[in-house]
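Chains here go by letter, A, B, C and D, matching the order in which they are written, and residues are numbered from 1 within each.
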Amino acid sequence: MFNREILIALAIFEALVLGLGFALSGNNYLMLLAAQVLLFAVFVAAWNIIGGLTGQLDLASSAYMALGGITTSLLWMKLNVPPLLGVFAGGAVAMGLAVLIGLPTFRFGVKEVWYALMTASLVVILNNLFRYTMGPWDFYLPSKWGLIYLRPRTYFELFLIIDVVLVIVILVNVYISNSKIGYYLRSIREDELASESIGIDTRSYKLRALAIYSFITGAAGFLQIVIYSSFSYRLFDTSQAISIAIMGIIGGLGSISGSIASAVIFRTLGEYLRSSLGGVFPGLDLLLYGIMLIIVGVLKPEGLAGLFNQIRRWLGK
Amino acid sequence: MTPLDLLVAAGQQVIDGVFLGLFYAIVASGLALIFGVMDIINFAHGDLIMISAYFTWLLSMTLNLDPLFSMLLTLPILFLIGLGIQKGLINPVLGKEPLIQIAVTVGLGFVLQNIALGYFKAEPKGYPAPLFSGGFSLGPFVIYESKLVSAVVSLVVLILLSRFLAKTKLGLAMRAVTDDRASAMLMGINVGRVYLLTFAIGMVLIGVAAGLWMEMGQVTPYLGTSFSLVSWVAVALAGLGSIQGLIISAIIIGVAQSLGSLISPSIQMAVVYLIFFFILWFKPRGLFARR
Amino acid sequence: MASKRSRVPLIIAIIVVIAVVAAGLGYYYYTSKPSPAPTTPTTPKIEKVVIGIVQPLTGNYAIFGQEAVNAAKLVVDIINNELGGVRSLGGAKLDIVVEDAGTSPESARLATEKLISEYHVPIIYGAYISRFTLAMGTVTEQNKVILVTDALVDDLSQQGWMYFFRVAPKASSHGVSAVDFVLDEAKAHNVTIRTAVIINEDSIFGTTVSNGAHLELIKNGVEVLAHISYPYDITDMSPIVDQIKRLNPDIIIAIPYFSDGVLFAKTAKAAGLNPVFIAGAGACGFTDPDSIKAAGDAVLYYTNTYSYNPAKPTDWNQKLVNEFETRYGKMPTEAAGEMFYSIFTIYEALEKAGQMFPNDPLNPDNLRQAFLSLDLNESNSIAAQLYPTGRIKFAPNGDNLYAGTAVLQVQLINGTLTSVVVWPQPQAGVQAIFPRPGT
Amino acid sequence: MSGARVILRVDGVSKRFGGVVALDNVSLEAEEGGIYGLIGPNGSGKTTLFNCITGVYKPDKGRVFFDGRDITGLQPHVIARLGVARTWQKVRPFRNIKVIDAVIAGGLLKTSSISEARKIAEETLELVGVAREEWGKLGSEISLMEHKLVDLARAIATKPRLLLLDEIAAGLRPHEQEKLAEVIRRVWRERGLTIIVVEHVMKFVMSLSRKIFVLHEGRLIAEGTPEEIASNPKVIEAYLGIKPA
């Protein structure tokens, strides 16, 4: 499962992340940014399971994130369930919804753009329904801090928590990728009919991928709420879901290193552009972001992973 | 409310919904055509409408011309722009994975939105006194001239489009490509040329939708998002290959949205998407698919 | 499989990680313990005071943020060049650093952290949208930075924040003012108002304003036939207008955003909707120059409550309006107006802090004292000359005790549609047109 | 060959699409260990029959029995698990996975261990004659012929008892077709499985099969040895005007 190269790569990655974390720990701004970047990487890495490995263009990441996060928060606020436990319930609720969507969807072979649109409209539907029931208000987390609430006082500790989650998600990805389910999911991504004919129960495997992805996203959703320290129906955000999928695509489908790299690079770059150019030229950051998407899409569809491979080959020769 | 009141209320919403639906049909037609013929997943559709609406507005204001007429001037320009976009952006991603197409078109959407924001700023732009801005009563119902006109114009354009697809050589070629790309190539159809013209014609339809919108409302850089998903929902309901199907689907959406607002305007779009959701659940090929 | 191969590189990698962790932890605990963020420069001579400005410069609200930033630049230039900076601080100049609030509370919060971490600003102004401001407030409180806001939602002053001030009138008072204005005029014109319909876009702001209006209507014995919320990006207003038409209320209180306001006015006109009066509250979509341009005479006779009175006949207000128009080619609207009086209030607070605490004027607690001790009126302050009610004094929760709005109405003056102030004191030569002609 | 047990029995299968009858009451039997040909002009229903056997389509009428068990209407992956493997007329290219990984996915049907599946995949690739240096290439980097071989290897890696090859030679040059026929014969010899080859290139089938079925317009019009088929007037009539191979 976890061969030497992968473990070493992960160790080096962690050394970099932690080293960076310590170096930045004096600067609240950069620390908060780093925590957000890592959390974004968590969502993209989770998406990689359904989008990258399985090839289902899922645009409902923010729905699972919001649903899981809100569930965890409400369990804490109403029933006093500490979020350290509550996140599992949050993940389970998100997974429940996902499976409910996945069962009929995968039976009828809803694919490609239709699956994308179906999941995108799921976000809109939940957004509207939650707005209808919660109203426009923001709901604040209780003023309690501590590890069992997954709510540390400093950004640095939050960064460490998110880093742990990221490592877990990476390990899950690696595990899946190198085991039977991973081979099957990649086969499904390439061709569902051919996969069926070699004995793969495509519907069941797609459901499994969806369940794992939605569980992780739902459980990690609470961390997003911790960063906001409040929640509202606005967490069901179409553009957030789209950008998570896009990061996964740019990273290179199915490549865990690529998707994490693209999450980190693009999220950091986006913040840099917002803060350095947003005030001077409104919208320039998003404009450049769009141009980059086009360039990557047109010229380098294998994404960053393709670039990595090219560099690797070039170094090898 | 008495039952009669309720009936009148519902009747009014159905009338509004049908007009809205016919407008949605023209909004979605460009997407349906491009998606059908070229199999391109275009997430920038709404943003193309948005940018075309700015064109219309600009012409209307500088020439002091009603959007319905200035629209006619924008159409040839949009045709040319369509050729350009197809050559530069769409051609390279033809036949690529859907995800890549989505990435590129989402990128195009970002670019268009922020060019509009930079150039036109965020204020809504509208033509202050369109020709058809009044209304009249029909029994207990109100008829909005602008909506009536947009419904009629879009119906006429769609009928023309359907004639074009059925009668002209190019139209037949486009249909052949929609039905079976491989056979169309074997039949000697120049698929590349068909694609080019399809996108350009799609842009013209987008221009018509934008012009009609400027007769009714205002444009902001973020108008596109309102139209993108609705267009896709219409295409999903209709399935590919039938303009009548598209019109009926769009009317279903318009009426659903309009009736949904009786419950609460805040969730009217949720009603539309719920219908979409269930259709995909149970009839993933759409209601009127030909293939 | 891997287990049979050499483990040496793996062990090395693990050692590297542990070393980094250990070194980092040591560094972290060594450096982080005594670190109250130094917001006050220790040098006695203050060259300049940097004010952080967080405004939405992208996204749907960019229009307001852009105008506010323009206004800030103008005001700061005037303070520095014409008033000689903050005199009690030895003529220290004001400087502004602008950050885009982006499109989410997340980015607003990042922007705030950046201003504090990298510019050590003592005062931040922002961020128009209440959700963004809430996210900022948790940061500014923690870091003891003064937050002056142009976000109007009532909640903000109910968070128990110490370093929070709001000169502008809060949201619910917009709703109250709109109702009071209509009922005042109705009384003056002997019109009886029995029924009303409220419509609002369903953001926190729209909902808060509309709730204020709702309560005020009930208090005055007006029956609210319907209270309809809708999303601000609505593209079809006719279902709502149809519904109002069937209910046939005496008045409509509308709290739209921008595009939806124009859309409502156009649709209402087409439907022939003509109640006794249509009053907007916090409704830029009715009276702002850009919406008049887009809506044409559809918005004729519509009114709107305004956090700022551009027609206020005080010297300083006329001067600012003129200079704004000369520099940017358009009338200042609410976003600019709030910036005008808020920056001048900050300026007066800085003057006060220099007088009260000459040794440490920028200490957050001293600054807070200076803000709280302000009592401004039109004769002693520029800020008050710019404010609709002409008085500014802060309650302990940071709200202006004398907050109030003006009411603007779109009228046809010399053949052009113009917004004029009609309430509480109409501007020279103008009167509210009430009820709507033709009713 | 006679006397062996029947592994596949198709019993009166019909399938229509809209108004078009694709299969009309087709019945045939295949004995274990045999190698069969299924021929017929374009559109005669060969692929439809394969699809009915492998569960891609559900027949409107009739039943399919595999090894005595009724498999009519089962899902494709269930049928594959029972031991029916197939290849596809149009190559279904995998672009973004490696040759070896594609075949491993096939091998995983009978084992959950990646290393065992890898062993199976390596044996199979060697059996069908894909050069070792091709194994690490991505699907987008190999030739059509190689794709056909990998497709075949992937099917064989599932360790099937019945292998259905749907126009596997289509699009190949004559010398490649010969090579492919040789590979198929080798697989048949070494693995002892039952093979049915669909083809409209008659020469390819004739050289391979012991027994041939002929479909025309959805009906089975003849069956017999290659020599019998070649002289059958019905078959000649059906093929007249069509490309004589």
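Observations on the structure shown:
Here is the rule we go by: contacts are C-beta pairs under 8 Å (C-beta built on N, C-alpha and C of every residue); 3 or more make two chains touch, one makes a residue touch a chain.
For clarity, every value in this text was computed on a predicted model and none was experimentally measured.
Comparing the CA-atom centres of all chains against that of chain B, the greatest distance is found for D. Every chain gets a centre from its CA atoms, and the centre nearest the mean of all protein CA atoms is that of A. Centre-to-centre separation between chain C and chain D, using Cα means, comes to 72 Å.
Per-chain CA centroids place chain B at a distance of 46 Å from chain D.
Rounded to a whole number, the gap between the C-alpha centres of chain B and chain C is 37 angstrom. Computed from the mean C-alpha positions, the centre of chain A lies at a distance of 32 Å from the centre of chain B.
In chain A, the residues that touch at least two other chains are 131, 253, 282-283, 286. Residues of chain D found to touch two or more other chains are absent. Shared contact sites, meaning residues of chain C that touch two or more other chains, fall at 1, 58, 62, 66, 202. Taken together, the touching pairs give a contact graph of some other shape, not a line, ring, star or complete one. Residues of chain C that touch chain B in their complex: 58-63, 66, 202, 228-231, 233-236, 238-243, 245-246, 258-259, 262-263, 266-267, 269-272, 290-291, 293-298.
Considering their complex, residues 54-56, 75-78, 80-81, 85-86, 88, 92-97, 101-102, 104-106, 108-109, 112, 114, 117, 139, 154-155, 157-158 of chain D touch chain A. Per the touch definition, chain A reaches chain B in the complex via residues 51, 55, 57, 104-105, 108-110, 112-114, 116-118, 120-122, 124-125, 127-129, 131-132, 238, 242, 245-246, 249-250, 253, 281-284, 286-287, 289-294, 296-299, 301.
Of all residues in chain B, only 35, 41, 89, 92-93, 96-104, 106-111, 113-115, 117-118, 221, 225, 229, 232-233, 236, 264, 266-267, 269-270, 273-274, 276-277, 280-282, 284 touch chain A in the complex they form. On the chain C side of its complex with chain A, the touching residues are 1-2, 5-7, 9-10, 13-14, 16-17, 20-21, 23-25, 27-28, 31-32, 35, 37, 57-58, 62, 65-66, 69, 98-100, 102, 104-107, 109-111, 113-114, 116-118, 131, 134-135, 138, 143, 202-204, 206-207.
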